[in-house]
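Naming follows writing order (A, B, C and D), and every chain is counted from residue 1.
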Amino acid sequence: MKLFEFEAKKIFAKQGIPIPKGKVTYAPDEAGEAAHEIGGAVAIKAQVLAAGRGKTGGIKFTDNIEEARTIAEKLIGSKIKGLKVGSLLVEEKLRVSKELFISVTVDRYARCYVILASTEGGVDIEEVAEKSPKKIIRYNLGVFKGFHSYEAIEIARKMGYKGRKMITLATIIHNLYSVTLDYDAELAEINPLVETEDGEFVAADARIIIDDNALYRHSELREKAMKRLRELTPREAEARRHGLAYVDLEGNIGVIGNGAGLVMATLDLVQLSGGKPANFLDLGGGASADIVKLALRTVLSKPEVDAVLINVLGGITRCDEVARGIISSLNELKEKRPMVVRIVGTREEEAKELLMNVGIKVTDELDEAVEKVVELIRR
Amino acid sequence: MAILLRRGSKVVVQGITGRQGGFHTRLMLNYGTRIVAGVTPGKGGSEFFGVKVYDTMVDAKSKHDFDVSAIFVPAPFAKEAALEAIDSGIKLVVIITEHIPIKDSIEIMERAKAAGVSVIGPNCPGIITSGESKVGVMPIQIFKPGVVGIVSRSGTLTYEVAWKITRCGLGQTTCLGIGGDPVTGLNFIDALKLFETDDKTRAVVLLGEIGGNAEEMVAQYIEREGYTKPLIAYVAGRTAPPGKRMGHAGAIVTGTLGTAKSKIEAFAAAGISIAEKPSDVTRILTKKL
Amino acid sequence: MKLFEFEAKKIFAKQGIPIPKGKVTYAPDEAGEAAHEIGGAVAIKAQVLAAGRGKTGGIKFTDNIEEARTIAEKLIGSKIKGLKVGSLLVEEKLRVSKELFISVTVDRYARCYVILASTEGGVDIEEVAEKSPKKIIRYNLGVFKGFHSYEAIEIARKMGYKGRKMITLATIIHNLYSVTLDYDAELAEINPLVETEDGEFVAADARIIIDDNALYRHSELREKAMKRLRELTPREAEARRHGLAYVDLEGNIGVIGNGAGLVMATLDLVQLSGGKPANFLDLGGGASADIVKLALRTVLSKPEVDAVLINVLGGITRCDEVARGIISSLNELKEKRPMVVRIVGTREEEAKELLMNVGIKVTDELDEAVEKVVELIRR
Amino acid sequence: MAILLRRGSKVVVQGITGRQGGFHTRLMLNYGTRIVAGVTPGKGGSEFFGVKVYDTMVDAKSKHDFDVSAIFVPAPFAKEAALEAIDSGIKLVVIITEHIPIKDSIEIMERAKAAGVSVIGPNCPGIITSGESKVGVMPIQIFKPGVVGIVSRSGTLTYEVAWKITRCGLGQTTCLGIGGDPVTGLNFIDALKLFETDDKTRAVVLLGEIGGNAEEMVAQYIEREGYTKPLIAYVAGRTAPPGKRMGHAGAIVTGTLGTAKSKIEAFAAAGISIAEKPSDVTRILTKKL
């Protein structure tokens, strides 16, 4: 789960990472008041869960309270990178002397966390990484061995800092590591970490992505995640609530499968055969008949869907359960749209028999199933 | 010969009395897997399909010898189970459990490495050596003894391809799902090295997918070290919508990698045969063998 | 710092170790009320920082509220093992089926923590340990490697438990380990851990000793420790506040030295020569002149002291600082009682010169210094 | 030869710019100790009595080679400093700092052991090889090159005895304070083994005190293994008031051990010479040598 900038900053502040004076607002008047309270020049920042806000008009500066109101009026409810702006963060404008970059994330290949740090932070950090990789310090660390203050100091030193500033920067790096571990983050990032003209370090932006699999041990974040679900399309929300991975796409062939790899391969094949998938839906492992029913209901609730392709390879998933789910949802929905079913694996025979009994013929080969469903649409 | 798992490899099942653990213990036994003990805290002293159940690995170890542990315990307890397995002195741990937090996986891998223990998974279908033994959840009717090794990030995609290989008569030596999580134990390269030294394996199939840079690392490795057996790769997700982006750091860690295009290009550059469709895998295999 | 039973139990409860229903009381009426609230039979337990309370009348049982009052009246203000009883813990009387013993402490030789556990808990546990050591399970564990739930389960299993009870007991063992680590305890002990007739486990007694060196990271405990100081004799309290290790003894020769080993050796020599030390006072390492002054004032404030023996071997401690402290306190106190000074080590020459200037002759040999001070007393 | 520390052993001082660290760095340099670098975070780039100061051990290590680290940093930071030293790949760490929490010491010793690093201390006077080098806080005028090895739990008691040995003309090879804390690195037995194989050391003095069971363990060891050199022991605290009792567990861990009586009896049973007074040590030594 991605956190909003203001949420991430609240966590930073709690863990000793300096953040700018600021306030979250939901209405233009509030924004004007916040600008007044903060005093001087302020930044008004759209709170959306997307990177690259600044380049697309999501961040404005002003030192005028009335103007702050006007900016807020324009921003609230507008769309930034396709996402509706619901709230703004009004913050003191920092007097920037330098922009740094610090991030903690997962290094899949090395099977550990990695700290990335650079003195060339800001919006172009990825370009820096590509063109002059030496300007980015990478430091791998684990959970068991931990990350020690002297390791953070060594990173800050390599960034070219000395004395008090080095120690302060090291503390921020160490605290960012603590945020990552304490909150089960997949990513905790400060870009830019501003060094002000007064020589202080302040996190000008903040990005945290929480590992969804770890939400169970962070009750507060879990509640937030639950609330977020309500903001999805009702279809996506219901699917996710039941553990289904569902993504809306723009075609007309509903696709249901088990295992992300197989579903992706199925989408690829549909497209390769000239068809257009209406969605991605992964039943996950060991789906029950009820889950299958819910999946079908979800896919079919989309009026654009003209046909459905079900591709199940049973391992943990039992084919007979899938068959039962299909049958019971057909009974319930009285569905007329055509359906192609391909089912192989654990309890395959039972499944085929069950489906045969209600007149559904099972296709054995995936290529054949895909061709069949694409052909059905063409008719 | 096959790799990692052989007929007679002695297996302990952690979480043997759970829903998944119980169901698959029965299927594994039916396949011929030599399950010598099970562990479920609080259920010590009972029996499960003729397998003795113990409260701890230490207790199980005091009465049995085992080579492999299969972990079926729920995600919140999986880390402890894995560390218990590692502490027991076992050499191979197969973690079937999905939804394990990344932090836990990182700790498992760190400690396994320090102890010289191999881990397969988590979030994986396990490992099967056709006709000999399986530790995991693969549907057995899909597999047949033969000459092709399969290593994959995706469970069901493995079944898809294995099934085609069985149908075309080539069959498999060992099939190994390394798991779909960001952090896993054995990786593609580890598996490829093992297959390379296995006499029985005459060709290897690698099933990748978008995300991460595991496939690109394979391409780099093959370009550098070469590979003495036919190697066929398939990558799922060419047409998938772009997934969540891991901030700036994600892009920096993997560079511009992670897309199907990047992976396929890397494979091509390393001279690895590329299958456009899962069904192409067998077509290429029959040509090469 | 030793914690009172009720303090330790509060920590246990916070960390998920079951404790009996109970209440701390400071007056007989309160005790009566507590007994009424708890209902049925109660235990009334004197809160003193000493083991072996039960055998010396510190624990009484009753099921009568009036009697509870009477017992409390007798106990409050009485002395148990030489310690004044200031408060009582009134608790439900447990229906005991079995008494276990669990403890986590430091294994000096193995340089780690050790868990001790036995199914033969209760007041005679030390006898059990001596006579049948096999009845005590010992399990070593570190900080870095940690202690896992499966290790706790293995201990509970070895204690002969199975199923649900084994899991519950393992959880208590694991929580006791957490208490030890989280609170920097040198000892966390439950003896007895009662298994009730209903098959539940309850910590009937509780003992925690906190590592004084770690108090700085436990602000709440640190405050408690500060309060405790006020309860010492004024002499001991002031000495400790300044980091001096001071213990009152019953003789008439005041002894000041640096380093516990050397001070102990000095006390041994005094006694061997037929003298009687009035105290143990260790200046610690690197004492300043002010600390030396305070030490002298502390020792001399005791009217029983007839002479003082100062034995300093300078390493971290600088002899000149010690000399300055002696001189300035003599000037201040106008002390007439004789003093024997033996001083060797870092800046010895400067010290000797300083002392010579005010007419104090320094003895070189320890044996000689001891004989001299004992002789002075005899005259 | 001496043990652990020799003329020319390269030393790094952690906490070199602190009050204690600075004072004793000067004294060590005066004695001839070869201090090649100092570390104080935030003070990197400066110089201290001609010794270059670095922010981290990693940085210091990149410019210098060293054999021993002396830790003078305050207790709340001492664990991190010790782990930094261990991580740096050094082989001997001397921790002078006192008041380090036991939990921290346990972690230090645990990680030192895993890394194969020897630790002296904490809460110790350090180590001195007479006339060659000292890493610690011992007053140098007390020591003179000679033939007696000393190992002790108490700093000042060591000086007391060393001073007598110097005066009687025997002198010392190496003197080692193992530290007075409940948990320390090198113990008596480790030191005795080292002295046993040192050609120059002709006799060994062991200075114990009440509490713990370190002395009893020595007696057990000597009784089992014997000792090829004269060994004289003194135990302080015969008349000390009983100290705090570590609950039931303390008594169980150490049994009935810990008193001066128990220690002296154990030494006697193992055939170790016992000094009644510190000044007896030299009397016995001169008889034996």
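Operating definition for what follows: a residue touches a chain if its C-beta (ideal position, glycine included) is under 8 Å from a C-beta of that chain, and two chains touch if they have at least 3 such contacts.
The shown structure was predicted, so the numbers you read here are calculated from the model rather than taken from an experiment.
Engineer: Starting from the Cα centroid of subunit D, hunt down the chain whose centroid lies farthest away.
Structural biologist: A
Engineer: Approximately how many whole Å separate the CA-defined centres of subunit A and subunit B?
Structural biologist: 26
Engineer: Report, in whole Å, the distance between the mean C-alpha point of subunit A and the mean C-alpha point of subunit C.
Structural biologist: Chain centroid spacing, subunit A to subunit C, equals 54 Å.
Engineer: If you average the Cα atoms of subunit B and of subunit D to get two centres, how far apart are those centres in Å?
Structural biologist: Subunit B and subunit D have C-alpha centres separated by 52 Å.
Engineer: If I count partner chains per residue in subunit B, which residues reach a count of at least 2?
Structural biologist: Subunit B, residues with two or more chain partners: not present.
Engineer: Chain contact graph: line, ring, star, complete or other?
Structural biologist: ring
Engineer: What is the complete set of touching chain pairs?
Structural biologist: A-B, A-D, B-C, C-D
Engineer: Looking at the complex, which residues from subunit D come into contact with subunit A?
Structural biologist: For subunit D paired with subunit A, touching residues are 41-45, 55-59, 80-81, 83-84, 87.
Engineer: Would you mind writing out the residues of subunit C in touch with subunit D in their complex?
Structural biologist: Residues of subunit C touching subunit D: 2, 51, 101, 103-109, 111-114, 116, 125-126, 129-130, 136, 142-145, 181, 184, 186-187, 189, 191, 207, 209, 211, 213-214, 216-217, 247, 249, 257-262, 264-265, 267-269, 271-272, 277, 280, 284-286, 312-316, 344-346, 348, 365-367.
Engineer: Could you please specify the touching residues of subunit A with respect to subunit D in the complex?
Structural biologist: 148-150, 153-154, 157, 162-164, 166-167, 170
Engineer: Can you list the subunit B residues touching subunit A in their complex?
Structural biologist: Its residues touching subunit A are 20, 24, 27, 75-76, 96, 98-107, 109-111, 113-114, 125, 137-139, 141-142, 152-157, 159-160, 163, 180, 182-185, 187, 207, 209-210, 212-214, 217, 234, 236-241, 244-256, 276-279.
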